[in-house]
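Each in structure tokens, the structures are laid out below.
Common to both upcoming complexes is chain A, partnered first by chain B, then by chain C.
Moving on, here comes the complex of A and B:
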């Protein structure tokens, strides 16, 4: 772990040609980074991940854009394969910190939809970026160890995506961004998605690797949903098993805004995913789904936050995990209701399936409730694969490995079935099938 | 305690809040090696115990305050202001109430202890501030070899047995408050039930604090030998003072092969008491232990009764209720540590928060790699009475064995208007309807309580629910 930033944030701002306010913001974030400690086992949301965090090589050189571009045919093979069956209205491809390819349906651009790199948006839509960047994930939230990584990310991000959907515009086909790690570098990205009043969008970000190196990726995604906006969002991580992936996502939901989110962790040696929703207006609705499958020595660590500030809002977390070999899978989550959050419906469910003796599961669903006229519940379970069901399938002539595969698919189906991004869900199911088999 | 709280008003509601005018024989204030040595000296302890206490004090001073859970920052400033040992004017534990000093006897009569002893108990221990003033067990049990004495007598009369178990289940290094208790412990019970002996009616200890600014540090050690059976009950009250008080107990229970034990405690400390207790049982093969835990009083309670299921097929249940009112933060829960095959456990936690009260459940279910086929189920339900009431749930599940079957369910609900309305249409006044719903909510736990406790608890709930709705 590093105590000093590897690059001077002000010099970085100059090199990237950024406006003065952003240079100041980076400087402020650097001060927070220096002031707060790294998360330890005593930092509650990091209870089970702090040990793994120590092994993350943060001292790798910071990935700096080299302004490369590629033709569609020259895109990395992992991306081309994904594009075969994805029906997208537009997509961005980042190779390391470079936006190497971008595509957006012309009719969307005509309607005012913006889908580009965050640095490009700083030039084309400076007011929109300035008013919303760092709003959902500030460098300093509590002034404690939870801020260490967001502060690092706020000070030194070098690339990322920007999406803006104007009021009342509906984007019918999904947009996607592919982030491909290629070098042993410290990659820090930032995504800002902004949906104006009653806008609608489906969006997926995928994190992939092209080589076998142990890249470190730190990604922050800010989702801002103005009144009545509806967003379907997925974050799918299928990186190589030597890489490290640290992801934080926070959505701000205003009145009647709705988010349906899916977090998927299948790859990486250590993947940490923090997904939070702030329910700021009445009628807001946040459904947060999660699927993870750890094998080998993987560690998949998840933290969710359902923060109810306004009354009459709803949130539902449904995370399901499978662990085999010597993998560790962790779910920690908090439903927090402020005193004003009367008439809240908030639920939280975590289910875990264990496929091997040496696998490890930690499950900590938490409630902090300060309002009384509410409906809140949570449930958690941990169980082995059901031998009776295996036996039944075997009597039908299905060999054990296939039977296990069927039961894992069935176990995860009710989560994957709830997301509208059907092509993506099929892709995730295929990757899981491979992981069960090997 | 919030400043706007009217102490007088609370004192009126807290029926055990009376104070006795009794001058103690010896009162030791401040937390120093001197205090610790004097306590050990006053008790005439062997050198190993004096050393143990002094080492525990060092551990306490070194360990940081817990950074999680309720706010203890006020308590931290006061460690030197507490009385750590207050000896009442009585000559060791009496075996007859007639030998107990008149004033102290009166206190226990007001609390109804001698009467209960005659009617329903197999043995009674009564502790007043630091020392046990009365201890008696029915003769036939004594003949069967049942030991039920004060912890001091346990050390004096049964040193070898005592030494074999003491601080083995909860060592001073376990947590800061276990270290504090280990340094200044005084009073509590020592119980031994020989192999095969079944004590059918409960043994009861009653803890009473009288001195202002007092810390009570009782230490209880219960050994249930192979195939034996026992039920131990503990109750606590104190007068209400304007200064905060501290109760830091350590309870160690060893449940041998096929033994069966129950530990019931209902604490109704006044709401300026810090109640920080470590309760832990080790359960051997085929053994069973139940923690029945009621938390009604105190300003802050931190208490997580734990069962270490050490032997094959060991079982444990933890049933708990908490009733948090304005000025109270009750942080309670349970731990089940599965260390052997076929172990099973159940936790049922019911909490009620009223006014600005805050009830938190904090629990752990841990399954170690060798605990094949471990099963555990956790149910936590919280009922919120008022808009300002608060509740939290922090269940930890750490599972390292694929054959484990672990479940956790929690719900949070409010006192439902439609249920109250229904009962009103049946002719019940609103207060009674509310009390009935609360009783129904707690019923899965209260049905396990000894009758007189259940009656008392129900009466208390009725009092609490008066004027609480509408």
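Moving on, here comes the complex of A and C:
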């Protein structure tokens, strides 16, 4: 853990050619970073993950863009493989902090859809970025330890994606951004997705590794959904098992906006994923799915937040995953209802399957309800694989590893089946199948 | 010896309790044997142990399939050698579709992916024989099945996987007469020189429809009497007490 920022944020802003307001924002974030402590075990959302932070090499050099570009054929193999079975209307590829390749269907650009790097958007759409950046994930929320990493990220991000879909525009095929770690660096990214009134978009961000090594990635994703906007969003992490991945996502949902979110953690040594939705307008709807599979000595730590500010909104968290070998899985989730959030429907479910006696799972769903006319439920379970089912399948000639695979697939079937991006769901299922077998 | 399932002096315990005390039994290919006996005699235990249930400890004795000892093999290895157990209480496996499950099992049984047309031909034939609806193939394995449907599903698997040796553990329990006839039709269709079955049952009723070549009676963890089909009828008429006395007096 570091106590002083490795780079001066104002100099960074100058180097990256940023406007004055952003330089000021970075400076302010740096002050927050220096003022608040690192999360400890007493920081509620970090109860089980704080201990892992000391093993994260935050002192690696900050990844700075080198303005590289690549032809489509020269993209990293991991990305080319993913492109084979993804039908996309456009995609960005980041190699480390460099946007090395970008593609967008011309008809979308004609309709005013913007899909580029955040730094490019600062030049082409400065007012959109200024009005929305740091809105969902500010550097300072409560001024406590939970702000430490967002403050670091706000002060020192060096790359990321920007998406804007104008009012009433529907993007039919999905867009995707591939973030490929390649060096032992501290990579800090930021993504801003902005959907104007009644806009529609499906978007996937994938975090992958090109090679081994202990890269640290800190990623912040801000989702802003104006009234009636509908976003399908996925965040899929399949990085190498020596890397560290700290991700925070926050969605702001206005009246009648709908988010269908998916968080997938399959890779990394330590992956922390915080996914939150703020239901700010009546009729807002946030479905948040999660799928994870921890093996070896992986630690996957998830935190979800369903924050109901407005009445008549709905949210549903459904996180499911598997722990194998000596993996550690954590799920913590909070449903928080403000006094005005009457007629809320909020649900939270976490289910875990254990494939080994040495794997550990902690599951802590929580409710904090200040309204009285609401429907809320939460539930969690942790269960070992059913030996009677295994025996039954074995008596039909199916060897134990295949039987386990079948039961893992069966366990995840309902959550995978709810994923709107079918190609992505198949990809996730394939990666999991490999992880069961190894 | 080849072409038979042989149990030699089998002693088995479960959670420290002795259940089988020296079972000897031989079922040659081409024959159907019934295994009868009062509750607690160890009939179902014998079926599970032959299939390789890890909850039971074999303390002594051997199980041979076609002359090869399988006592220490994993359940899936036994199955791939042609053994099949129709469960008394089939297990529910939510999330696994019957068709996908059968295809995987058949692939393991054949040692290669079955051609899709052959696979569906097998399924169709089995479903028609059981007068069932193809809709069952897309349901999850035994989930929400009635007791009768679960038993029928065991026979469906038997028909698709075509094992050489089948153990049917109280497949008749909980079935009405129509379902019983359907199940019997399925089993009888398998009869022939390359198939043997050990039909475990408490009652004579099933044996009216699956007529056995040989009847064995188990008591207190051993086979105490072996005879022809008439033995089952005698047990139906007189119960087990006379046999208990006969065994005690011997």
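Just so it is clear, the second predicted complex is superposed on the first by the 438 of 438 C-alpha atoms of A that agree within 3 Å, B and C clash if a C-alpha of one lies under 4 Å from a C-alpha of the other, contacts with A are read in each partner's own complex, and residues count from 1 in each chain.
Going forward, a residue touches a chain if its C-beta (ideal position, glycine included) is under 8 Å from a C-beta of that chain, and two chains touch if they have at least 3 such contacts.
What you see is a predicted model; the values in this text were computed from it and never measured.
**Q** Taking the superposition on A as described, I'd like to know which of chain B and chain C A:413 touches: first, second, both or neither.
**A** second
**Q** In the overlaid three-chain picture, which partner chain does A:2 touch, first (chain B) or second (chain C), both, or neither?
**A** neither
**Q** Applying the touch criterion given at the start, work out whether A:78 contacts chain B, chain C, both or neither, answering first, second, both or neither.
**A** Neither partner.
**Q** Please tell me which partner, chain B or chain C, touches more residues of chain A.
**A** In the superposed model, B touches more residues of chain A.
**Q** Between chain B (first) and chain C (second), which does A:431 come into contact with in this model arrangement: first, second, both, or neither?
**A** neither
**Q** Where does A:62 make contact in the superposed view: on chain B (first), on chain C (second), on both, or on neither?
**A** A:62: touches no partner chain.
**Q** Pick one for A:395: touches chain B only (first), chain C only (second), both, or neither.
**A** second
**Q** In the complex of these two chains, what residues of chain A are touching chain C?
**A** 386-389, 391-400, 402-403, 406-407, 409-411, 413-414
**Q** Spell out the part of chain B that touches chain A in their complex, as residue ranges.
**A** 67-68, 353, 369, 382, 384-415
**Q** Which residues of chain C touch chain A in the complex?
**A** The touching residues are 51-54, 74-76, 78-80, 84-85, 87, 90-91, 93-96, 101, 104-105, 108-109, 140, 157, 161.
**Q** Chain B touches which residues of chain A in the complex?
**A** Those in contact with chain B are residues 42, 44, 339, 342, 352, 354-384.
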